[in-house]
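Across the two complexes that follow, chain A remains constant while its partner is chain B and subsequently chain C.
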Partner chain A sequence: MNMHATPQRTQAETALVEAFAARLSELPGDGAVMVKRDDAIEAIKDGLPTRRVEAWHYTDLRRLLTSVPDHDPTANPKPLVPVIEGSEVLSLLNGVVRGKAPALDGVTFQNLSDKLTDGSFAQALDPLDADDAIGFLNTAFVSDGWFVDIAPGAKIEAPIELQNLQAGGQTHVRLPVRVGAGARATIVERQAGSGAALASSVSNLSVGDGADVVWLIVQEQPETATHLAQFNAELGKDSRLTLFVMNAGGKLVRQEIRVKVAGAGADFQLRGVNLLAGDGHTDVTMVLDHAAANTGSRELVRNVVTGKARGVFQGRINVHQLAQKTDAKMACNTLLLSDDAEFSTKPELEIFADDVQCGHGATVTEIDRSHLFYLMARGIDEKTARGLLVKAFVASVIEELDNEALVDALEAKLDTWFAEHG
Partner chain B sequence: MLEIRNLHARIASTGTEIIRGLNLTVKAGEVAAIMGPNGSGKSTLSYVLAGRDDYEVTEGDILYNGHSVLEMDPAERAAAGIFLAFQYPMEIPGVATMEFLKVALNAQRKARGEEPLKVPDFLKRVKEAAASLEMDIAMLKRPLNVGFSGGEKKRAEILQMKLLAPSLCVLDETDSGLDIDALKIVADGVNALRAPDRAFLVITHYQRLLEHIVPDTVHVLYRGQVIKSGDKTLAHELEANGYAGIIEEAA
Partner chain C sequence: MPAVQETIERVRKIDVDQYKYGFESIIEVDKAPKGLSEDIIRFISAKKDEPDWMLEWRLGAYRRWLTLEEPTWARVDYPRIDFQDLYYYAAPKSQSGPKSLDEVDPEILKVYEKLGIPLKEQEILAGVRKEPNGEDVEAGDNVYKSGRVAVDAVFDSISVVTTFKEELAKAGVIFCSISEAIREHPELVKKYLGSVVPVTDNFYATLNSAVFTDGSFVFVPKGVRCPMELSTYFRINEKNTGQFERTLIIAEEGAYVSYLEGCTAPQRDENQLHAAVVELIALDDAEIKYSTVQNWYPGDAQGKGGIYNFVTKRGDCRGDRSKISWTQVETGSAITWKYPSCILRGDDSQGNFYSIAVSNGYQQVDSGTKMLHLGKNTKSRIISKGIAAGFSQNTYRGQVNVHRKAENARNFTNCDSLLIGDRCGAHTVPYIEAKNSSAKLEHEATTSKISEDQKFYVMQRGIPEEEAVALIVNGFVKDVIQELPMEFAVEAQKLIGISLEGSVG
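Right after this comes the complex of A and B.
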C-alpha cells in the first residue's frame, strides 16, 4: 500500500489510528505480536487501498469505508441457534471468547488470546502481501478467537460452529483451524450481529494429507455493518476441501478467499451464494493456487441482486508450472432483480503448466418473463412465483452439498432472505 | 361463462395489433373450437385470456361469469378458474414438478378460502391423475417439464388441468407434437373433464383433434376476428375445402 500513500488521511483512517492508540494497552500479545501490530497500523497510516490497487479495483476501500465506530466494551450480542441442528457451538461475542469449549474427542480448542501471548503465534500474523488491508486491520486489532486442532484420523461427526457475533462497535477475531492427516470435519463459520459494527475476521485452515473438510461461511450481518473477512487455506496431498460461502447481509462486505492446493491429488470445491439487497456493497475475491500435480477445483458462484445493491466477484486461478494435469473450472452467474442492481465479475486464469484443463464463464440474467407467466398462469401469485424462480437459480448450488440437514438449513435461510427482500 | 366483446389487443413492445374486434360467447358446458390459419391470432387470444402482459388490450372487454378480467393478473385469473394449457409448456430448471404442483394447487385453494391439502391427499390426487393419463410418476420427480418429450409436456399440462379443476379451460394447439396414441390419451383426459359447469376453448389448426374432442361450436378466426361460426360440420368443411373459401366469403 506504500506505493499509493496519500497525504491526507480520511476520517476512517484517522479513526483507526486513534482507536489503535486508545486500545493498544488492552490488546493481548507478547513482544513479537506487538511488533506485528505496530507494523500493521503503520501500513494503515499509509492509506487504505483505493481502486488504483488492482486487487481492490471494484471495492475502493478508502472511499467506501466511511464509518469506524469506537470499540464498545458494553456491546452484548446473544448467541444464536446453530445453522445445523446438533452442532457444537463456540462463541465469540463482541470479539472475545465467551463460555467454555465443549469436550470433543479428537479436538483441542484454545483461546486465541492465550496463543497471542505464548510466543507461538506472531508469524501467523504476517501480511500476505503489500495490499493485504484486511490482514493489516485484523493484525492491528485482533483481540481473540478460537484455535481448533483436530487430531490426525479423527472423524468428527457433529459440525463445529464458530459464532462470531457483534452488537455494534469494533470486533476483530481470528479462527486458526488445523485438521490433521486423514481427519474429517464440518466447520461452520457464522458471521452475524445486530449493530453498525466494523468487524474483521481472518480464518486460517490447514487441511492435512488425505483429510476431508467441509467449511461453511454464513454471513448475515445487518445492513449497517462493515464486514471484512479473509479465509486462507492450504491443502495437503490427496485432501479435499469444500468451501461454501453464503453472503446475505452487510453494508460493506469483502470476503477474500485464498486457497493453495499444495499437495498432489488434492481437490478444492467452492460454492458461493450471494444474496444482495438494500444499498450494500459485497465483494468476494478469490485467489486460488494450483501448486501441485493432479489437482482439481470447481468454483461455482451464484448471485441474486436486488434494490440498489452492488456485488463483485473476482476469481483468479494460478496454475503453477509444477501443477500438470490440473483440472479447474470457474463459473459465476448473476440474476439481477432490479434496474439499479449491479454486479461485476472478473475471472482470471494464469497458467504456467502446459498439460491442464482450465475454463471460466460468467452470465448475467434477469428473471425469465415467460417462466414467470407460466407459474402465475397456474395461480401462483407474482411474489411467490418470483421466489420459486430465484430459489431455482441458487438452489442447485445448495443441493449439491449432499448433506440433507445442511441443504434444509441453507434453503431456510434463502426463504427468509427472499421473504424480506423479494 | 365467457363473453368477449369487440376485443382489440396488440403486442405491448411493438404496438402491432393482433386481435381486431373479436366477439365470442361460450356457455357453461360448451366445447368451443377456435380454428384459423397461421397468424390469425389464435395463440394471442389464448395469452390475452390468461393475462400475459406482453399483450395490451386497447378496446373491448373479456367477461368471465359476468365480470371483466382485464384488471386481473394471470394468477388471479387462474385462481378464478381460467386455465391455459400451453402450446409450448416452459421448461423451468430448478423447480421440482411436485413442488410446483403443490404450490399451485394450494395457492388456488388459498385464493378461494380453502385449507391447503394435506400431503397424503395431495399425493393421492397426483397419482390418480397421472395414472389416468398413463404418465410415469417418476417423471414428476424431475424439474418442471425439463427433459420431457413434446408429448410428455402436453400430458403434464392436462395433468395440471385435472388437478386444478378449472371452470374455463383454454387449450392452445394441444394436438401439436402428439402422435396418435398420445392424442387419444390427451383427448380422453379432456373428455373426462367435460361437465355442465365447465367450458372449453379448444384452439387448433387442424380438424384432427376435433375428431377426438367433439366440439359443440366451431369459430373461424382470421386477422384477429371471428369471421364465421357454426357447429362441428364447419370443421369438416374446413378440412375438405381449406380456409380460402371462408375467407373469401367473409371478405
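Right after this comes the complex of A and C.
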C-alpha cells in the first residue's frame, strides 16, 4: 500500500495477517467479496503506511500500531443511552448487529452481513486509493453493519443513532447510509467501548439532490483503544450536509473525513471538537473535493490538548477546474494546555478554478493571559477561570448547531470531559 | 467574468519568448567531459587548485549522493534527469584568474553589459556608464547602473570577477568567490561550510557538495556594518551545463550585511539544471538580509526548455538576538524547488521570509520556507504571495515547527494566491507543528481571483482595465516588495509586469 517496500513485517502487521487467516472462514461474503478481502490483506502485507506517505505524515501507523488484539467472540458490550433523547437506536455490539431494527416510516434497515453474503456490497469495498489503509483493514475484516436507506422526500424527525460498541478484541464494521432526494434526517454515529480493542469503522453516506442531513460522530473510546475510522460522503445537487465530529477518547485515533461536493449548489459544513488528554494520539484528516459549481463549505475545528496528548488536523480542500464560484473557508484553532502536549496541523488548498474564494486559517496558542486576568480580577480562582475560557473556546462551535437537543447533549459531553481532565 | 476575458486571452498568448535575457554568447570554454564520476570531481577540484581536505569533502559527498534517491514529494512533474548527460564544469577559456578587468574576456564583459550589470567600478562611481561605442548613457533605474553595489559575477561554473573588493577589505569585509575563499581563507571555510546545510542534507544539496564549482563567500567581522550592498549575478551560458553554485555568508557578532542575487540564462530547447546551496550564519546580534530576483529562462510557450532550479537555502540564527531575512521574487525557471529556511537557534532570534512567486506558461513552482524555532522568544514571519497564470502550477509549501524547549515562540504566516485564468493551479501546503504550549502560531491563507468589486472601484476612478489590474496586483505584492532594497524593488516590480505581460499591463 505504500511505495516504500518494508523489509520486515512489524508485530502488528504479522498479527493482522495471522488474524486474517484465522478468521477468514467465519467472515461473511460471496466469491466477489472474498476477492476484495484477499486484495486488501495483500496490501496490508506490503506494510502499513509510514510518515513517508504524505497522507499519513503525522501518524506513522506502522510505528504507532504496536499491538493487535485477537477478535474476542465472548466480548459483550452493553448498549448505551443515546446521545439525544428520543433517538432510534441501532446497535452493533462486538462487530455484529444485535437486536431488531425499529419500524420507521420511510426508512429501510438491512444487516450488512446479508449484503456481504449475497455479494451486493462487493463493489463498495474498493479502496479509495493506494494509501487507504483504513479501507484495506476494514475491507479485509468487516463483519457486519447497518445499511440505512431513507426514501426520497422522507422527513425523519427522530435522530437515528448507530451505536458501534466494543469490549475488547477486534471489531470492524461499515455503516452505509443512503438519503434520498429531498429527504431530511439526523444521524448519530456513536463510537465507544470499554476494552483495549482495535476497532475500524467506515461510514458511506450518499446525500440525494436537495436532501438535508445532519451527521454527528461522537467518539468516546477508552484510553486503551485503537480507533481507525473513515467517513465518506457524496453530496448531490443543492443538498446540505452538516457534519459534527467530537473526539474525546482513544489511545490511537485516526478519523478520516472524505467529502465530495459533487452537485452544483451543494453545501458542506464541518464542525469539529477534539478534546485530547492522557498520552493518546488523535489524527483528524479531511479531504474535501469541490467538484461542481456554486458550492460552499465551512470547516471549523477546535482542539484542546492537555497531558501528553498529541493531536493532528490535516485538512485539504481541492477545488476542481469546473467548480467555479466555490466559496470554501476552513479554520483550525488549537489551545495547548500543558507543556507536553503537541499539535500539528496541515491545512491545504489545492485550487484549479480561478473564480473562487478560498481561505484557511490556523492558530495554536495557550490561554490568553489577559482574559484569564480579567476573570481572576473578578474573584474567580485560576482553575475555574481557565475552565471557563477553555469551555467557551470549544462551546462556540457547538452552539452554532441549530438544534437545541443536540447542543444540550454535546455540552453535557463537554462537561463530563472537563470534569475528568479540566 | 467577461470583463477579464480579454486579459485571459492575452495571458494565453503570452509567449515566454518575451524573455529578454535569452541571448547566447559565443565564448570559448574549457569543459570537463560529460558525466559525473570521482574523476570529474578530482578534475573540478584540481582546476580550482583546491587543498586535499576540500577534495575529500567533495568525494565524501559524492559517495553519499550515490546512495540517495531523488525526492518526489514536491508538486512538480518533469522527466527523469540523466545526471550522466550533463557537463559539471564549464569555464570561459581565457579565464585563468585575471588580475584585473582588462584580462577578462571582452565577450563576457559584453554579456554583463547587456544584462545591465557593470563590472567596471570607476564608471559606476561616476554614475555614468559608457556604451562600447563611447556614447554616454544616463544611469537608468537598474540598480546595478545607479547604485554602489559590489558584484561577484559567476559565469557558468566560475566566478569571473568581483568588484569593490578593496574598498570592502578596508572595512574588514571579505567578499570573494568561494573558490578563492577555499584557497585564501581555509580556516573560515572549514569552520562554516556545510555547518548549516550538511553534506547529507538532501539529494540536490549532496550533489552540490560534490560538484559545486563557484559562488560567493562573504565574511563580515564582528561589529561591522557592511558599507554597501553585495550582489552576485549568475549566468548560465553553456549548453547542457549544470550550474552548481555554493554561497556562504557569515555575519559575526553585531555585523550587518545585505546581499542580493540575480540570475539569467539563454533560451534553449533543452532543460538545464541549477542546483545551488546557500548557507547563512548569523552570530549574536548579527543581521543578514538576503534578496533574490530569480529570472532564469522559464521555457517557451509550449513549456519546452527552461531551467530546473533545485535550490537549498538555509540560514542559521546561531547567536542570540540574530536576525535573518529572506526576500525572493521568483519569476523564472521551468521548475522551482526552493525553500529558504531559518533555524532560530539563538534566544530572541528572528527569521523572516517574504516571497513573490509568479508563474506563467507551463512553469511549475513549489516554494516556501521552514521556520524552526529552537531558542526562547524566537519570532518568525512569513509573507508569501503567489500569482499563477497560463498553465502554470504554483505551490506554497512551508513548515513552522516549535521545538519543545522554544518558550514563547511566535509565528505569523500569511500566504495569498491570485489566479489569472482557469487552466492554472494554486496550492497551499503549510505544516504547522507546536510542541510547546507557550507558542503562538497564526496562519492564514487565501486564494482568489481579482475581485470584480476591486476592479470596478479602481476603474470607476477613470483608470483603464489593464492598469487597474496592474494596480491591484501591485497592491497584492506590496508587502513583499517593501522588503527589497529600494532600487531592487523597482526592478522586481517591472519583472513581475513582464512575467505577466498581457494580464497586468
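Basically, the second predicted complex is superposed on the first by the 419 of 422 C-alpha atoms of A that agree within 3 Å, B and C clash if a C-alpha of one lies under 4 Å from a C-alpha of the other, contacts with A are read in each partner's own complex, and residues count from 1 in each chain.
Operating definition for what follows: a residue touches a chain if its C-beta (ideal position, glycine included) is under 8 Å from a C-beta of that chain, and two chains touch if they have at least 3 such contacts.
Because the structure is predicted, anything quoted here is derived from the model rather than measured.
J.: Given the touch rule stated above, what does A:D381 touch, chain B (first), chain C (second), both, or neither?
T.: In the superposition, A:D381 touches chain B alone.
J.: Applying the touch criterion given at the start, work out whether A:S396 contacts chain B, chain C, both or neither, answering first, second, both or neither.
T.: first
J.: Of the partners chain B and chain C, which touch A:L336 in the superposed model: first, second, both, neither?
T.: After superposing on A, A:L336 lies in contact with chain C but is clear of chain B.
J.: A:H360 in the overlay: touching chain B, chain C, both, or neither? Say first, second, both or neither.
T.: The second partner, chain C, only.
J.: Going by the contact rule set out at the top, does A:D126 touch chain B (first), chain C (second), both, or neither?
T.: neither
J.: Looking at the overlay, does A:F373 come into contact with chain B only (first), chain C only (second), both, or neither?
T.: first
J.: For chain A, give the residues common to its interface with chain B and its interface with chain C.
T.: Residues common to the chain A contacts of chain C and of chain B do not exist here, since the sets are disjoint.
J.: Over in the complex, which chain A residues touch chain B? Could you list them?
T.: 369-371, 373-382, 384-385, 388-389, 391-393, 395-396
J.: Given the complex with chain A, which residues does chain C contribute to the contact?
T.: Against chain A, the touching part of chain C is residues 1, 73, 402, 404, 417, 419-449.
J.: In their shared complex, at which residues does chain A touch chain C?
T.: 54, 57, 321, 324, 334, 336-339, 341-366
J.: Would you tell me which residues of chain B are touching chain A in their complex?
T.: Where chain B meets chain A, its residues are 50-54, 73-75, 77-79, 83-84, 86, 89-90, 92-95, 99-100, 103-104, 107-108, 111, 143, 160, 164.
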